[in-house]
Amino acid sequence: MNIHEYQARALLKAAGVPMLDGDVASTPPVAEAIARRIGGKVVVKAQVHVGGRGKAGGVKLAANPGEAADAAERILGMQIRGLTVHKVLVVPAADISSEAYVGLIMDRETQRPVFMVSPAGGIDIEEVAAKTPEKIRRLPVDPTYGLLPHQALALAFFLYKDFAQVKAAAQIMERLYTVFTHNGCSLAEINPLVTTPDGRVLALDAKVVIDDNELFWRPDLEELRDESEEPPAEAAARRANLSFIKLDGNVGCVVNGAGLAMATMDLVKYYGGEPANFLDIGGSSNPEKVVNALKIITTDPNVKAILFNIFGGITRTDDVANGIKTALAQFPVKVPIVVRLTGTNEAEAFRILQGIGMTALSDMDEAVQQVVRAAKGAA
Amino acid sequence: MSVFVNKATRVLVQGITGREGSFHARQMLEYGTQVVGGVTPGKGGQVFEGKVPVFNTVAEAVTATGADTAVVYVPPTAAASALFEAADAGISLIVCITEGIPVQHVARAMPYVRARGVRLIGPNCPGLITPGESKVGIIPGSICLPGRVGLVSRSGTLTYEIVNHLTKAGIGQSTCVGIGGDPLIGTNFIDVLRAFQDDPDTDAIVMMGEIGGTDEQQAAEFIKSHVTKPVVGFIAGQTAPKGRRMGHAGAIISGSSGTAEEKLAAFAAAGMGIMKRPVDVIELVRERLK
Amino acid sequence: MNIHEYQARALLKAAGVPMLDGDVASTPPVAEAIARRIGGKVVVKAQVHVGGRGKAGGVKLAANPGEAADAAERILGMQIRGLTVHKVLVVPAADISSEAYVGLIMDRETQRPVFMVSPAGGIDIEEVAAKTPEKIRRLPVDPTYGLLPHQALALAFFLYKDFAQVKAAAQIMERLYTVFTHNGCSLAEINPLVTTPDGRVLALDAKVVIDDNELFWRPDLEELRDESEEPPAEAAARRANLSFIKLDGNVGCVVNGAGLAMATMDLVKYYGGEPANFLDIGGSSNPEKVVNALKIITTDPNVKAILFNIFGGITRTDDVANGIKTALAQFPVKVPIVVRLTGTNEAEAFRILQGIGMTALSDMDEAVQQVVRAAKGAA
Amino acid sequence: MSVFVNKATRVLVQGITGREGSFHARQMLEYGTQVVGGVTPGKGGQVFEGKVPVFNTVAEAVTATGADTAVVYVPPTAAASALFEAADAGISLIVCITEGIPVQHVARAMPYVRARGVRLIGPNCPGLITPGESKVGIIPGSICLPGRVGLVSRSGTLTYEIVNHLTKAGIGQSTCVGIGGDPLIGTNFIDVLRAFQDDPDTDAIVMMGEIGGTDEQQAAEFIKSHVTKPVVGFIAGQTAPKGRRMGHAGAIISGSSGTAEEKLAAFAAAGMGIMKRPVDVIELVRERLK
């Protein structure tokens, strides 16, 4: 789960990471008040879950509170990569001597949290990694011991020469590690970590991504979710415990299992169609999930035909058939539905569908070809 | 023969009295798996299905039953702890079906499990099955056929789809291993490929990957240098957008890394047969078994 | 460092270990007030750093507040194994169904914290270990992972059958482990851990010993020290950074190094004398330490002769000689002093001592024999 | 020859710019120890005594100097961290002189150090010396004499007392090892006894124990079954009262365990020569070297 910069800042601040003052505003007057409290020049930054805010005009410098209000006025409501800006962060325009990068990610290969630090901060770290890999130092952390003091110090020595700054940076890394572990993060980064002319080391911008699996038992983290950042259909799917991602095609897909769902989308494409979504109803299906899945898919006006692809293992195909039956009784579905079912209780499933005048296929290729034809015919 | 499990495997079910655990314990018993015991703290002394003793702790269960394998169906909040417990009790193979364990919990359990010489399959995996001998997990036994093709996969139902094609075409399987869809897993493609390469009763290998990470690319490197048996591969997620998690926590294209294209290129470079569609598995395997 | 039961209870309570209500009193009226607040029967317990309080009459049952005041009256001021009781703990007289033992010690052999639990609680665990070892379960805890949930549960299953009590006991053990690690303990025990007729699991009595090495950087723990529990000479020595233990003999010993100090005491005994103390002035001696050492030893009226045994390595023997010179100029020492010096700067040391009319020996056996004779002659 | 250190040993001093570290680094240099570098974070780039380079981290120092041994003089608050750092940097022998490290900190560092195959001597020990070759720690070089008697001891000045007797009697030492007076130590009697037993240039062994714990009893068991060379032993603390810490954190009689009597009984049962007084070492060793 992505969270906003201002929320990430709050997590870091709570862990004792030194950062510039700053606050979040939803209206220009509030932004103006924050700028007045801070005094001097400020930066007004759009709070959206996408990169490239600066290039999109979502980050503006303001010389005084009035300018801050103007900047907020222009940024709030702006669309950045399809997302509407509802909040801005107002922070002092720091006088900066150097910019470094400090990031911590859960690394698949080492199966450990890995620190990445670079004295070349403020820019995209992937670019630094690609062009000047010698400017990045990586350190896998053994989670049973945590970040050890000498490790933090060695990373900090890679960033700074001045020992006071080295010690400050080492402490910031230890605290960033605490943020990472205490909040079940899959990523926690400070970019840039800056030094000021008077020698202080501060976090200027922060980014935190929380492992979705952590949210089950951490309602406090779940509260950081900003649903306005999600397409409404995805938010509805999430609440219904469905894994759903909207795409641009016209073939709606309802599948059990993430791998099979992806393979189904790929097969739609293979046979000349375009999938409208990824949707995994999960392992232990119940009719209710199927109803919700159909509701969500049919809200997409692009969808011209819907494919069910169910391989019954734990999933009982009769549950799915019943779900389809229930859904169709509850609301009209105006596009053709192609159903492929095989496995557990398939005979019963076929019977249920026949009862409502539908037929089902048992071959995946045949079903995909049929739904692609249906979508094309409708389009 | 087979890899990892066979008819001698003695299985313990952690979470045997739960909804998932009891359902699948029954399925395993029906399939003929030697389910020798179950564990649910506080329910020690009960008997499951009239024949499987339930214990309070894995240690007690291992002592009483001689179990060597544990299959974990406990909820995600207790699953990491179940891994620690099984590893402590001297189990040699842990199959973790549970989905939704925070990745940092897995990261902490992993070195503990490894240090005790235990193989972990999963988490968030369908388990494995050696057709006709032993099913440990949730792969439907009915779609499998004993034979000489080894399967390894990151997903569940997609595996069933492909196994089903093979079985219907009369091509049996030595062992089917679902390694799981999480970013951190105990047993990866290479571990299973090595086992199949060393298994005298596996003649060909089918490998099903998906977007995210670099496991498939590394597996392809391994195949190029260490696997002499024919390998056929599939990658799910060619139409997936970047930066979105496709159901599985591990199935996500980060930046330019983990795309289906780079994985398929690695497969091609390793001389593998490449399935464009699941059904292609039949012809590709058949050609290579000739 | 030993702390009182009421202090140990506070540490456990802060970590969430359930225990009976109770409070500490220094006077009978306060004990009475606590008993009144608690209501019903109470137990009044002497707070001293020694075992065997019960047998010594330091634990009394009181049926009502008045009796509690009487009990406190009798216990306060009482001497138990040479220590005066300054405080009593007043706790409800619990209605007890069973008594178990739960202890955690830092074990030298496994080099880990080791849990010891037994369903036979309330009595001396060493006795249980000796007579019925099958009633004790031991578990070494890997400090990098801490006490794992399944380990706590397995220990708790050894104590109880009822699953609610098992879970409660497991949680108590996890919290006891937290107390142990957060406070640098070398021992933390609950004895007895009781069950009540209504099924609750509670800590009745607690004992905590804190690793002396932890105190350097934990002033909050140092504050738990009760100096009234130490002989005044030992408290003075501790404040002067000297390692000192008073004994019953008449030969005072000032030595550098703990091993050599013990060996010196042993040699005093070997040659027919009785050491009056253990005193280690430590490695990097300075004259001030020697002055303090002499001050402390000469406050013991039993001391009839004093032996210095200094093997100069890091310790400069001239520092020690200067310390003796300074001390003798500051205050009179009325008993004979025998000095043995060898090693670093010994020529200079001999010269300094000659300057104040003293001679020094370089052989340990000779020096010990001489001081033993001197002590006997004086006695 | 010798055990653990010799003239080829390349020593790094952790805390070289501190009061203790600088003093003993000079002493080691004077003795002829190859002190190849020092470490004090923030002082990297300085040169100690005109010849020893100072580094910010142990890793840098090891890379630059090829050091294989680290001797730790940093304050107790930083000492556990120094152990982690040295172990991480690929040092193979760590000698920790620092006194006063909380025992739980040592307990956490110990498995980390072990997992990296590193030998730790100490903490709270005087270090070790191979007379005429290398002194790593604080044992005064002037009282030692090259020879063929190995010494191992839990204490500092008591060791000097006994070494001094041997040297004055013309009996030289192969290596003198101070294992430290703390309850948790990295190298115990048995480790050193095994090394002396295996050292072709050690003919007899002197072992100095004290009250507290069971290390001496276990060492005696080991001697009985594995040591063929003569061993002479001493136990300090025969007059110590129960339950009081005699200076060393490890020197404490708990309950009925750890007394001098039980240790001496174990020595006798192992056929060891027993010193009643330190001076007895001369006769006991001389007899056994005949």
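Quick notes on this structure:
Going in written order, the chains are labelled A, B, C and D, and every chain counts its residues from 1.
We adopt the following convention: a residue touches a chain if its C-beta (ideal position, glycine included) is under 8 Å from a C-beta of that chain, and two chains touch if they have at least 3 such contacts.
These numbers come from a predicted model, not from an experiment.
By number of C-beta pairs in contact, B-C leads when A-C and B-C are compared. The geometric centre of chain B is 51 Å away from that of chain D, both derived from CA atoms. The mean-CA centres of chain A and chain D are about 56 angstrom from one another, to the nearest whole unit. Under the contact definition stated at the top, the residues of chain C that touch 2 or more other chains are 144-145.
Across the assembly, chain D contributes residues 108, 112 that each touch 2 or more other chains.
If touching chains are joined by edges, the resulting network of the protein chains shown has some other shape, matching none of path, cycle, star or complete graph.
Note for the complex: chain C touches chain D at residues 106, 108-109, 111-113, 126, 142-144, 181, 184, 186, 211-214, 216-217, 243, 245, 247, 255-263, 265-270, 275, 278, 280, 283-284, 311-315, 342-344, 364-365. Put simply, chain C touches chain A in their complex at residues 144-145. Residue ranges of chain B in contact with chain C, taken from their complex: 41-42, 44, 56-59, 78, 81-82, 84-85, 88, 108, 112.
If you check the complex, the residues on chain B that touch chain A are 20, 23-24, 76-77, 99-104, 106-108, 110-112, 126, 138-140, 143, 153-161, 164, 181, 183-184, 208, 210-211, 213-215, 234, 236-241, 244-251, 255-256, 276-279.
Residue ranges of chain C in contact with chain B, taken from their complex: 145, 148-151, 153-154, 157, 163, 166-167.
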